[in-house]
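Letters A, B, C and D mark the chains as written, and numbering starts fresh at 1 in each.
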Amino acid sequence: MIIILKESAAPAQIEELRKNMESRGLVVQDIRGESKYMLGLAGDTSGVSEEGLQRFDFVDRVMKVSEPYKLSGRHFHPEDSVVEIPGGVRIGGGNFAVIAGPCSIESEEQILSIAKDVKRSGASLLRGGAFKPRSSPYAFQGLGLDGLELLKIAKEKTGLPIVTEIMSTDYLDIFESDVDVIQIGARNMQNFSLLREVGKLGKPVLLKRGPSSTIEELLMAADYILVEGKSSVILCERGIRTFETATRNTLDLSAVPVLRKKSHLPVVVDPSHGTGYWDLVFPMALASVAAGADGLIIEVHNQPERALCDGQQSITPALFDKLMHKLSALRETLQSA
Amino acid sequence: MIIILKESAAPAQIEELRKNMESRGLVVQDIRGESKYMLGLAGDTSGVSEEGLQRFDFVDRVMKVSEPYKLSGRHFHPEDSVVEIPGGVRIGGGNFAVIAGPCSIESEEQILSIAKDVKRSGASLLRGGAFKPRSSPYAFQGLGLDGLELLKIAKEKTGLPIVTEIMSTDYLDIFESDVDVIQIGARNMQNFSLLREVGKLGKPVLLKRGPSSTIEELLMAADYILVEGKSSVILCERGIRTFETATRNTLDLSAVPVLRKKSHLPVVVDPSHGTGYWDLVFPMALASVAAGADGLIIEVHNQPERALCDGQQSITPALFDKLMHKLSALRETLQSA
Amino acid sequence: MIIILKESAAPAQIEELRKNMESRGLVVQDIRGESKYMLGLAGDTSGVSEEGLQRFDFVDRVMKVSEPYKLSGRHFHPEDSVVEIPGGVRIGGGNFAVIAGPCSIESEEQILSIAKDVKRSGASLLRGGAFKPRSSPYAFQGLGLDGLELLKIAKEKTGLPIVTEIMSTDYLDIFESDVDVIQIGARNMQNFSLLREVGKLGKPVLLKRGPSSTIEELLMAADYILVEGKSSVILCERGIRTFETATRNTLDLSAVPVLRKKSHLPVVVDPSHGTGYWDLVFPMALASVAAGADGLIIEVHNQPERALCDGQQSITPALFDKLMHKLSALRETLQSA
Amino acid sequence: MIIILKESAAPAQIEELRKNMESRGLVVQDIRGESKYMLGLAGDTSGVSEEGLQRFDFVDRVMKVSEPYKLSGRHFHPEDSVVEIPGGVRIGGGNFAVIAGPCSIESEEQILSIAKDVKRSGASLLRGGAFKPRSSPYAFQGLGLDGLELLKIAKEKTGLPIVTEIMSTDYLDIFESDVDVIQIGARNMQNFSLLREVGKLGKPVLLKRGPSSTIEELLMAADYILVEGKSSVILCERGIRTFETATRNTLDLSAVPVLRKKSHLPVVVDPSHGTGYWDLVFPMALASVAAGADGLIIEVHNQPERALCDGQQSITPALFDKLMHKLSALRETLQSA
């Protein structure tokens, strides 16, 4: 529900209305249009009477929002959100950023070498898995906290802010202090306890779409984070599960313009997991940007054939460099009239 | 990998071999066939030499298991597993059990009334959601610990063991002490941290298949629980996500005979979530049993039209009673030659 | 749109109204309830004024049918349809029938041997592919008209009516004269030219659901046949395409009660194509009947390991015989109170 | 199977080998590499002995092709195919073409107006549906032969070659004489009788991927056309059916680089059907080209809000013009180093 206020509404009146609504357990969001001031109400509004609200003389009108997501929706925040990341990196609202790095952190030498390479090519953030969610309990599960330490060294040496996946609430404090962007993996997109806890940290969160989650469900998952009122969210399309087996997943690039229409949150694409094959990463990265993505997350490995995880879908630093040049030219063309 | 021992193998020899393997980080499982004794090795066996093993004179031969799941597979446990639940209830290996109750626990009166009804009709376990995973943060999230207390009252009054869903590691100790069968919901099937923690509790776990998880992935998720060596697992088919919209999910009943072929674990079916409509529950419950299910989990509500959650897919106690009679006749027919 | 007439409506009035509607290009269907007489209008009714109709004093009221299918829907035909097949076989409305035979007709000896076996076990119809739709042009395409001749011999020798697939409009006249039930394969479910032509023949049609067709689309495809006003239709669930690869298709058994609710047409299930594995056919055939199917279509081959097509999913005559006994007991149990 | 010949092989020897293979019912395809000459054998090669072939002294070696498709595969034709269309239009091998026009032909004025507009903006071919495959028999089915006449008028007036869909074998001769590119719709991708007949016409065929067809099945369908030896094929990705409902279909853009890797045939994308919404057409058309498509097929309507079919997914001539400019700049950027 959105309450559109008259221009004449006094700050004290607005404040009183806000408190009234919050006392009913609702989340109240400020929405400022060019000349309008609005309050967005998320939560169970079934007890709020539209007629009652309209009786206040400083209320212009009341609008129901039928979408099941609220805080992530354009209705509640008409302008593009810009997510600010330590180190001066920004994503969204015209700011484009590439996150690059290996699937798993394997050694100091490996992560440092890749970090330097991707930085030189223009990546804005470094990714690397310390805790790895693997379908099989017998597969390599990541280096854990040791991996995170190596990632911090790479950050120190290159200045790149770091992105890594959180898999449980066990290390919330460590992620809060050490990680710049906290990734919620596709398998945990509906791990609601985790979403809520991460939402309290006040950090940027990279939220990956579940392989069988609809776009609506992705936005409701974002709302679980946003409703805590502290963290910002970057959405990530990374492929959905379909009958097609020629690719690991089916990268749903239409989700990019759909998300940008429905939501104010930045949208990045992961063509590495989205396709599962290194030689598809290049064309699909270009296609993602042409479709309107605000950023990319790309697996880069210095020795893909020896990677402990997902080598098949990782590109070399050399190919990454070539891709960054092409992306740059492409973005220039797309932005020009 | 499975090591098949000669009949002449001495217990001390077997014990030494077991320790040798465990020292490499492998999980060793005893497998006793009618006249054969075997050791199943789960974990990274790439460092174990088949030739080396066959040089022991008490080793008959070595068999690779190509399936990515191990402990849940028939290779590692040829006989049906029977899961024992406090209160004398057993599921699997010819033991059939029906779990019934409301989607959410709403009040003492509600849960008690339903518990008595389903017990009278022959249900073996009582289900009821205290913590509810909801796609939207604005939907009813369950009564939480208060709900669990009400469920315990219903258990006390009826003697029915209780099944309820765990959503995070926050209340592991409470679930350990109070709950008879811990349910892992479909959205958490690949919440590997939760699987591992629940696997350490030594309790029966009802593991629901994720809506876009393959049968192989379900068995690998079961392995995450079993590899901790303490808890037992009941598998649950509850519908997969497809393009069809006439039902909430597509109940994949073929998964029942497939799972029974590949795995020794009991398989139950949830026709309530699997279809989403109360009038499909009756025929699909019958079909589940005809397909070979070891049990059912069915949503029963005394006032479905007023249920706070999933009323559309809940049946009344009266229809449940009718169903139980039909199921009983059906099982008799199926078992007779 | 359905026009519900008053009891006082005179035959001549009804006839005039019918002609009026037909002159607008609409298909008019008689619907007789217990005490009500109705006319169902299928086609573009946007030009028909409800108010205009209600001004006739013999019209009780007018009902819009929002479902996109009409003639196959229960609204237009509240009672179960019974499809009559030459040889005294009936399907639907409580009449159960099993169609059995090989995937492809391979030789006179093969089809005769199988036909005799399945008849002895109680099959009501003989199936056998003469024209085979194969994904690859390099795979065995069936014996064509020669195969049809062999099928006719088997019919002559056993008395079983025959079911075989039509793949194009080339042999409409031959199918009309020689085949008892014309099968439209899953790949041709939306070959609308073929549906229309077959609809003109006045024969029972076995319409298989396309692997990615919704239940609504299946019913609209049935309408393409029914709208020609001559042929009757038997619907067939044969598995849909999903991400699961443990089975050839995902047999959507919930479609059985859904179709029986929405439509008056008989519903049969094909567990052979639906699962793709012979050892799943037995349990899924039982499950189909428990779900409420009016019949089954089952691939039976005397030498499955040598079959030219789909041997993996064919059962032997011996197993078919065992299945028929079990089905018979199962149906008795289901029908008894 | 591919027979690689020695450079010393004499034309007469090759010819004799070809005839030998053709006499076994195989389709023999010439494959000329830079310095190698090869014969591709499609069909049932199980009776061809590799050893026997290698005994010929002009045979270098024999290579099995494990892919189920042959003639459409890169193995059989390493270079990109260029499809030549009357009017000097070429698609494939670096030649890019845009097909534009309305979903359905509605009137002379409509088709002429749109044809002139899209030509002015740079479209190479005119599309327009005369025979429309509609899920419902009660929906507008197209103007049929009258529509085709109008399309011919538009061709005459603008010089644009025409593309339209064939739905049955009834009008093969008319399509042969009047239509420049014959479209096989998604629902008929596995209408094998139609594929074979169209394959005999010697015309370019636009083959749309079925909504639940794998990439392999699309290529096997192309083989059904190619095996007749006369027609050329353009592949078309137009969206697959998944669980996502925010778009009409899920446009599988990864299929573009996958098809270009596996096949030599040109690949075009239909973002209109692929997404179902006009405002997604623009970004997804750009993304298609960035992914490597050889062309696009786009629905353009002068009054989308009044279109008799699929108005929701049609763009206006003005937006089409803007798109063509953007595409042109994009292609230049992609081609430059």
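The working rule: a contact is a pair of C-beta atoms (placed from the backbone, for glycine too) under 8 Å apart; a residue touches a chain by one contact, two chains touch by 3 or more.
Model, not experiment: these values are computed from the prediction.
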Report which of A-B and A-D is connected by more C-beta pairs in contact.
A-D
Note to self: subunit B rotates onto subunit D (CA fit) by an angle, in degrees and to the nearest 5, of 180
Chain centres computed over CA atoms; the one at greatest distance from subunit C is chain A
What whole-number Å value describes the gap between the mean CA coordinates of subunit B and subunit D?
49
Using the average of all C-alpha atoms in each chain as its centre, how far is it in Å between subunit A and subunit B?
34
With centres defined as the mean C-alpha position, give me the subunit A-subunit D separation in Å.
37
Shared-contact residues (touching 2 or more other chains) in subunit C
212, 241-243, 245
As the complex stands, subunit C meets subunit B at residues 212, 214-216, 240, 242-247, 250-258, 261, 274-275, 279-280, 283-284, 286-292, 326, 329-330, 332-334, 336
Across the complex, what residues on subunit B touch subunit A?
42-44, 68-70, 133-138, 167-170, 187-188, 190-194, 210-212, 217, 220-221, 223-224, 227, 241
Quick one: in the complex, what on subunit B touches subunit D?
212, 241-243, 245
